[in-house]
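Next up: some structures, all given as structure tokens.
In what follows, subunit A forms one complex with subunit B and a second complex with subunit C.
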Partner chain A sequence: MAPDIFTYKNVLPQKSTEGGVLAGKKVVIQPNMSARGWLTNAGSLALEGFIALEDATVITRLRNAGAALIGSTRMSELGFGLSDDKRTRALCGGEADIALITDTMGEVRVAAATSGFFGFKPSYGIISRFGLIGLVPSMECYGIMAKSPEDIITTIGAIAGKDENDFSMPDEKLPDFSMPEESPKTTGVAGVIKECLSTLDDTELKAFEAGLEKIEEAGLTIQEVSLENFRLFQTVHNVIGSVEASSSAGKYDGVRYGHRAAPAKNWNEMYLSSRGESFGLLMKTYLFQGAYLQFENYPAFENACRIRRRLIRDTEKLFEHIDVLALPTRRLHHDPVRAATIGETYDAFLLTLPANVTGQPSLQIPSLCLNSGADLGLQIISPRLSDARLLATGMRISSIIHGAKET
Partner chain B sequence: MNYEAVIGLEIHVQLNSATKLFCDCRNRPGDQPNQNTCPICLWFPGALPKLSQEALEKATLACLALNCTVQPESAFDQKVYYYPDLPKGFQLSQHHRPLAKNGWLDILGEDKTVKRLRIHHIHMEEDVARLVHETEGRTPISLVDFNRAGTPLIEIVTEPDMRTPYDAMEFVRSLRAQLRYTGSSDCSMEQGTLRVDANISLRPRGTDALNTKVEVKNMNSIRNVADAIAYEIKRQTECLDRGEPIVLHTRLWDSEKNVTTAMRGKFFGPCIPDPSVPKIVVTDAWLQEILGRLPEMPSQKAARFLNEYGLTPDEASNMIQEQDMSDFFEAVANENLPPRKVASWMATHLIPFLKDNNQTIKDTPLTPKRFASLLFMLETDVINANAAKEVLTKLLSSDQSPEEIVEKGRFRQVSDNAELEALIDRILADHLSDVEDFRNGNAKVMGFFMGLAMKASQGTANPKLLKEILTKRLS
Partner chain C sequence: MTYHNRSNCGQLSLSDVGREVSLAGWVDALRDHGEVLFIHLRDRSGIIQVVFSPESTSREICDRAGLLKNEFCVFLTGRVVKRAKGTENPNIITGDIEVLARDLAILKKSSTLPFPISEKSMVAGTAIKRDESIAEDLRLQYRYLDLRRPTMQDHLIKRHRILKVVRDFLDEQGFIEIETPMLTKSTPEGARDYLVPSRHHPKQFYALPQSPQLFKQLLMVSGMERYFQIVRCFRDEDLRPNRQPEFTQLDLEASFIDEEFIYELFEELSARMFEIGGINLPCPFQRMSWQEAMNSTGSDRPDLRFGMTFRDAADIFIDTKYGIFKQILKRGGCIKGINVKGQSDRLSKNILQNEYAKEIVPGFGAKGMTWMRVLDGGLESNIVQFFSENERNEILKRFDAENGDVILMIADQSWALVCSALGQLRLHIAERLNMIPKDVFFPVWVTDFPLFEETEDGITSNHHPFTMPDRTDFDPGNTGELLTLRSRAYDLVVNGEELGGGSIRINDRDLQNKMFQALGLSETDVEEKFGFFIRALEYGPPPHGGIALGIDRVVAMILGTSSIREVIAFPKNRSAFCPLTQAPSPVVLKQLAELGLLDMGGTQALPGSKEQQDLIDSLSWVSRININATERPAVIVAVQDAAALAEIVNRHSGEDEPLFSVVTIANRTRTGTEARTSLLAEKGELFKNAPAIKGGYFKVASILE
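Up next, the complex of A and B:
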């Protein structure tokens, strides 16, 4: 395998700890997750050469669970969008069993859908953000990609939970991942959003319907539901995301670490040229947009926050009548790797970013939504903190459909 | 035209918690540069703020001391601007949802009536780093000291209720006393732990318009606050009289030239809610617990001193400024001495001495008992006021008893009639022409003779007795 897949390659991964739940598992991370002593550049020149000073809480917990950390893969700048599929190749090549990918607008799920893996974005606030070099703190979180749902359950069980270094975690009862609820047959109602269907073309619709048939076979009832403001998820994410990104990236001045431009005539010029040389075009556009909203159109941001609260409420309401929402994961004609503008990027993640806006857990299941060889991926979403139930459901659907051993 | 000034204050107070607001670094900005820093206050990638419980408690105490309503929920925002003193690119401050609202302080106005000045709100925020500008050879360089970055501040924003420089000065004095009693801050304008910015606008007297204001910063004493405001009122009056508009901007007070100079346009950056610091939720039980920690506050104490000790409002105000001095006053007054005399001696001799020597009472060997003995000797005519002043100076630097000092230093007052009569007769005999003068109606000569007699007795003569004898001899 080509070495340029890795940002940092761990030549001496720790030996699996006896008895650890992740003993024997090889885990690859991204360089926006702090691992002490590793190059941690978050895919940006703004952090060029930055070596993490301490382990992120998630990294500490992975080590304690016995995982072998084999390195970090190259990533899109600051985790915004997907720049390549090298992480997936690391998994395909058998070098890793599990990949941690930050999910800002659906990256872990779309990457998993593209390569036929499971991808999981947990509920917002159940994993410590300490040591995560984030961009959009209110919507991004650690995502897990693996070949089997069992590996996802084990990993989330190992890394989730209270952390005294992250005061932003809400004080609430966390899902118990130790024993996914047992049930011989999957029952319940899967809601399909009418307004989401209308964004799909014929090919996508066919693939999605094939997937729905399979989950019906697995025992779920399909029901059409309406989320009138479905298209607003995109706008809300774009506005809030860019404003938060502008704030988060404000610290990258090239003085304490990262790329520093040639000497300038004063500090302001120095900031301008260091930042100008550091960020890629897509990131620059995003940061400019966020700064514009902050300084020139703050009411738009306030409106977006208000609409976000309404979208969360509307979505929660749907769950009074259904158990999960079912959506395709990716769009065939909107490839995130090729997205060159903010608009194209947001189009590529249209179907995944609602879960980032609402903070709800979402599981991408492979090999259900197939049409002439292409796998659209099927996402199921459930209420916040019902992660364990969602994973159990996903596991059963998968095992029933693929005839694997019942769990 | 006859204008009225409308004055509001924005006051930053540095809290004296052991650690910074969002990390465990020591809250000691004056240490060796960049010694008190960590990945959180330097805002390295992956850092997360953790709110200091102690800072929150001290901020809350301050809010309660200023009669504010602590909000059940408050939250931090990011105040965005880019400057080398700000490691994050934003300052964590409570803009949208402050810790407390609607407070007030009562002051005694120039006309000696009580005036209630309202406080709009109090919010918490972190301080920024300190910039040091130097030259390296001939190249100007700027250095950043992050010791101060992230240290806890509260900002007190008043309503524009003040009308005169005196109002503002009294407000700051009262606020400083209230806050010092809470133990939350040293409140030193000289040290920069209390920083007062004033917003000033003018309007024709009798109208209630709120016109464009000018912000004045950089005053480093309470006196400066009054001077800067007075200067700004004069400057704006002249502008308006010339028909020039007032432009919103910030001015710096220059305490050497006694003028304000324009610094920059007033800056308004965006403030967006911070997603990393959880909102602060205050329960009633917790608030009661904090409230219980407040000592008797200076405003209450002043009222009590009026009633219990019969002090005047001015005397009471002088006695309550510092908690240790108010305790000292009570201890001395309770030694059976006339309270007003105690207050007067503390206000005119003891407090100025401590201030001149940059000391607190605890830095000296003076105890309430020793001070009381001194005043007792003064009261019983053992010594006179001149001698008492000298004895006090000695009491502040040695631990000899006041009686010992009086005896050894020959401070005992001469109240012996015969001795004083002889002394006066000698003086009068040497100044016959002045005696003549006095008898011709020049009353001023009395003072001259008093001075001579005091001098001849080396300051030990009982002045009351002296005057009696002189009057008798001269008539």
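Up next, the complex of A and C:
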């Protein structure tokens, strides 16, 4: 094990509980998910040296399901983007079977696409956020990355569900994740958003078309649909996300935990310099954007929220005629690891942002959209709370690919 | 149901018992007793209880009443009855009666309220505790709801009454109300103007009036003789908690008058205004020259509700051996003191020396303070041993000192500094020791102000350059002489607050020019700024004078409100921002282009480049995040990007309601847990993550340097 990929390495993971649904599974998490006694710094100096005092609800549930928690891997600051990302390496190296990754802009899906895994962002609001150190509360959620879709279904089944400790969870009926005996016949219509195609270059387009052909083979019908305001997903996410980030990051004062700058003359100075030293440049620029929109142009935040309602309505209208939306997961020439500015970061997640804005579930499926070895990834998105059906569709498609590989 | 026979809720009384009435208004409060529903119906006149009971109201109407919620707008009919003995409600004027509803129409429903409006309890013996912690900005954002509260309605009604008294009285006295323009030329009132760009004259600006000063003087030239106006004025001043960018003033001017006319007129007028609030002002008002006010209270706005006026003590120490006083007097300095009567118990040595002498008084600008406690017929102090017996006796005599008194003295070379520091000390002590009587109003005219004030770049008018000086034979080039001139100006001060002021004006062209000359204005400057006015003075201007009264302040004082915002229907908040309309707000580029404002900078730095820096600094401050020089360029670009994003979303916003969360937010109460200290805190585990602790606390930097 290369030590530098881990923030915390659990030397003695608990023995798998006999009979737990995740018995025998090795799970790696991120240091923005609280596990008692673990260094939980969320990739930020703002939480320098912070040792979690309690388990997050999700961690408790993983333990109860018999999972072996092997540690947490280094992450980008406060889960924003994928710079300094070491998450997939744990899976690539075979040290873990399952990784939990927060999905704020599409991190779990893009990371999975890069390494050829399945990546799942569930519907917003079905997993307790108690113990999660968040940044953009209205759009981020736990995501699951795994080599097999079955592991994803088992994991989500184990961690989803009501939690007394999370008051923000809605009163809704949750999807039923109990695994079907046989994967359902995959028939149905996959919509391809016309406006999304124009964001791809020729090679990316070819790879995507190849992927679409494969899902047609799996029994789905492809239909072109139009989402006129597709480009607004990025704008809306950036406006809402930065405002919420500026607000969420307000609590990092270097008093109860985290980084404290050298002794300051007075209180304000202490905040200014402690916080000034705590955030990296990318996070700082995001927080300044949020501060601008919050304090200087608040109507823009409200207007972004108005557009969010419209975008959700527009996608829901599409789902009246189609079963899933199919999009590439990433673009090859927009690498999130190299993104140095907010603009570049958003460009790198252009295709995954919509599901965060709408709160709809999205599954990244590997090995469909290939271009001379590089995998674009293919996402399927379905209406909120139809997670179980979406995962079943994903399994069906994946089994067909497996079948194809075997022949 | 028709509205034309509508009765007013608050005007119903026992004499209406048995009458069928129709009422319209808002549901102030509800009390549901299962079968029977009581509501408080409120209109502007007051509140009446309405009963919906199956005994007196049809099932259909009872069912409809069941839909009622707070602040629904309704129209209803019913019969007035006397309440059963023991069910009267003394909280409302109509508490002896109630209306048995016959018919009910819900005119309009109301959404859930952002804060409670009801101020009257429905049950005898209980009062509604209004939550004073409702954020003022929230009240201002929903001002139309805030103004539904009887308290606020009363404020505005009383304000109306006060203004009506003003108009009626001045009309009786032969004054006529004349409106003057809002779009006008910048006037020399000392504050910044609010500018209004002109589209027809690109790159030219109107100014909103800081006061109608020149127009009202022109109206005197016009022969209107007696003018008044209740007028909005605008000043772009630095933010202060009790200041509004626009405010209302009673502006008045009269010809062929002198100071006595104004005093008499305003004393009568003030008395009538204060009467609306049940306050009797003592008339005639005391008068005090500026010099006297400064010498006795250290303020040109003397608060005379309590004594403790200054005594001069310099002459006592002419031959003193006490080094500090000796030095000060040698340089022509000044020593003044106050006697805090009978407070030696509350002003201990420790408080006097360590708080006042060392901390508080230096904060007022003085180098130090001398204190003496009067005990057993003698003086106790840390320096009293330096005073001769004669000096000690003189002090006791000068300050009429008795056992238990505390004498505080300030000495300095500068008379102005002694006055100002001792004046602040006087107020500080009075407030701290609760020496200011409540419900006492002490008006005073302050007169004979210095005409000019010395500034770093010469001299400036104390009031404005149109004020008549006490003598006219001065040399405009002699600064020393100019500073000795007094003005024929007067301020009306009540309880230490300046409510208004005015002066007798210059009505002579040559004298007016001499004033401008004294102020260092060139002839070109004068022509450009005041040419039109000087010319008017060439056509037989009458002797005249006037006054202006701050209406918002006067009304606030009469009603005893905590701020002037309580007596203004739609005020700006403390940051000069309107949370209701969100003004001020950006405008679209097209508007700026139409006004020719896009390229006003010319060869100067582009508009915005400096603001951009300021903006980044202000964002850094509000979010308490320092940035260094290397980071700054990236932050500037990011904020510019954010502004561009904002423009896109503002352009595409559409009409939908904002969606702040994709799920319906469920409000829950945690069940089965009691408030208790977290185990993590009890065991001290919380401290393990802290970067610095001290004792049982998180250690932080001090709040102030």
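As a working rule, the second predicted complex is superposed on the first by the 396 of 407 C-alpha atoms of A that agree within 3 Å, B and C clash if a C-alpha of one lies under 4 Å from a C-alpha of the other, contacts with A are read in each partner's own complex, and residues count from 1 in each chain.
Just so we're on the same page, a residue touches a chain if its C-beta (ideal position, glycine included) is under 8 Å from a C-beta of that chain, and two chains touch if they have at least 3 such contacts.
Everything numeric here is computed off the predicted structure, so don't read it as measured data.
Partners subunit B and subunit C, brought together by superposition on subunit A, clash.
Legend: residue contacts after superposition of the two complexes on their common chain; A:Trp267 is shown touching both subunit B and subunit C. By the touch criterion defined above, A:Ser138 lies against subunit B and subunit C together after alignment on the C-alpha atoms of chain A.
Residue contacts after overlaying the shared chain place A:Gly188 against neither subunit B nor subunit C.
In the overlay built on the shared chain, the residue A:Ala56 is in contact with subunit B alone; subunit C does not reach it.
Looking at the superposed arrangement, the partner reaching more residues of subunit A, out of subunit B and subunit C, is C.
Contacts of A:Arg384 after superposition on the shared chain: subunit C is touched, whereas subunit B is not.
Of the two partner chains placed around the shared chain by superposition, subunit B is the only one that A:Ser34 touches, whereas subunit C remains out of contact. Contacts of A:Gly161 after superposition: neither subunit B nor subunit C is touched. Of the two partner chains, subunit B is the only one that A:Ala42 touches; subunit C does not reach it.
In the superposition on chain A, no contact is made by A:Pro13 with either subunit B or subunit C.
The superposed model puts subunit B in the path of subunit C at one of 441-449, 549-557 or 639-647, which is 549-557. Contacts of subunit A with subunit B, set against its contacts with subunit C after fitting on chain A, overlap at residues 50, 53-54, 138, 167-168, 170, 246, 250, 255-257, 267-268, 271, 295, 305. Contacts from subunit A toward subunit C in the complex involve residues 48-51, 53-54, 124-125, 138, 164, 167-172, 229, 232, 235-236, 238-239, 242, 246, 250, 254-260, 263-273, 275-277, 279, 281, 284-293, 295-297, 299-300, 302-310, 312-313, 341-343, 358-359, 384.
Only residues 582, 585-586, 615-616, 618-628, 631, 634-635, 637-639, 641-643, 645-646, 648-650, 652-666, 668, 670-671, 680, 685-686, 688-692, 698, 700-705 of subunit C touch subunit A when the two sit together in their complex. On the side of subunit A, the complex with subunit B involves touching residues 34, 40, 42, 47, 50, 52-54, 56, 129-133, 137-138, 165-168, 170, 243-244, 246-247, 249-251, 253, 255-257, 267-268, 271, 294-295, 298, 301, 305. Here subunit B touches subunit A in the complex through residues 39, 42-46, 48-51, 78, 80, 82, 84, 87-90, 142, 269-270, 272-273, 275-278, going by the rule given at the top.
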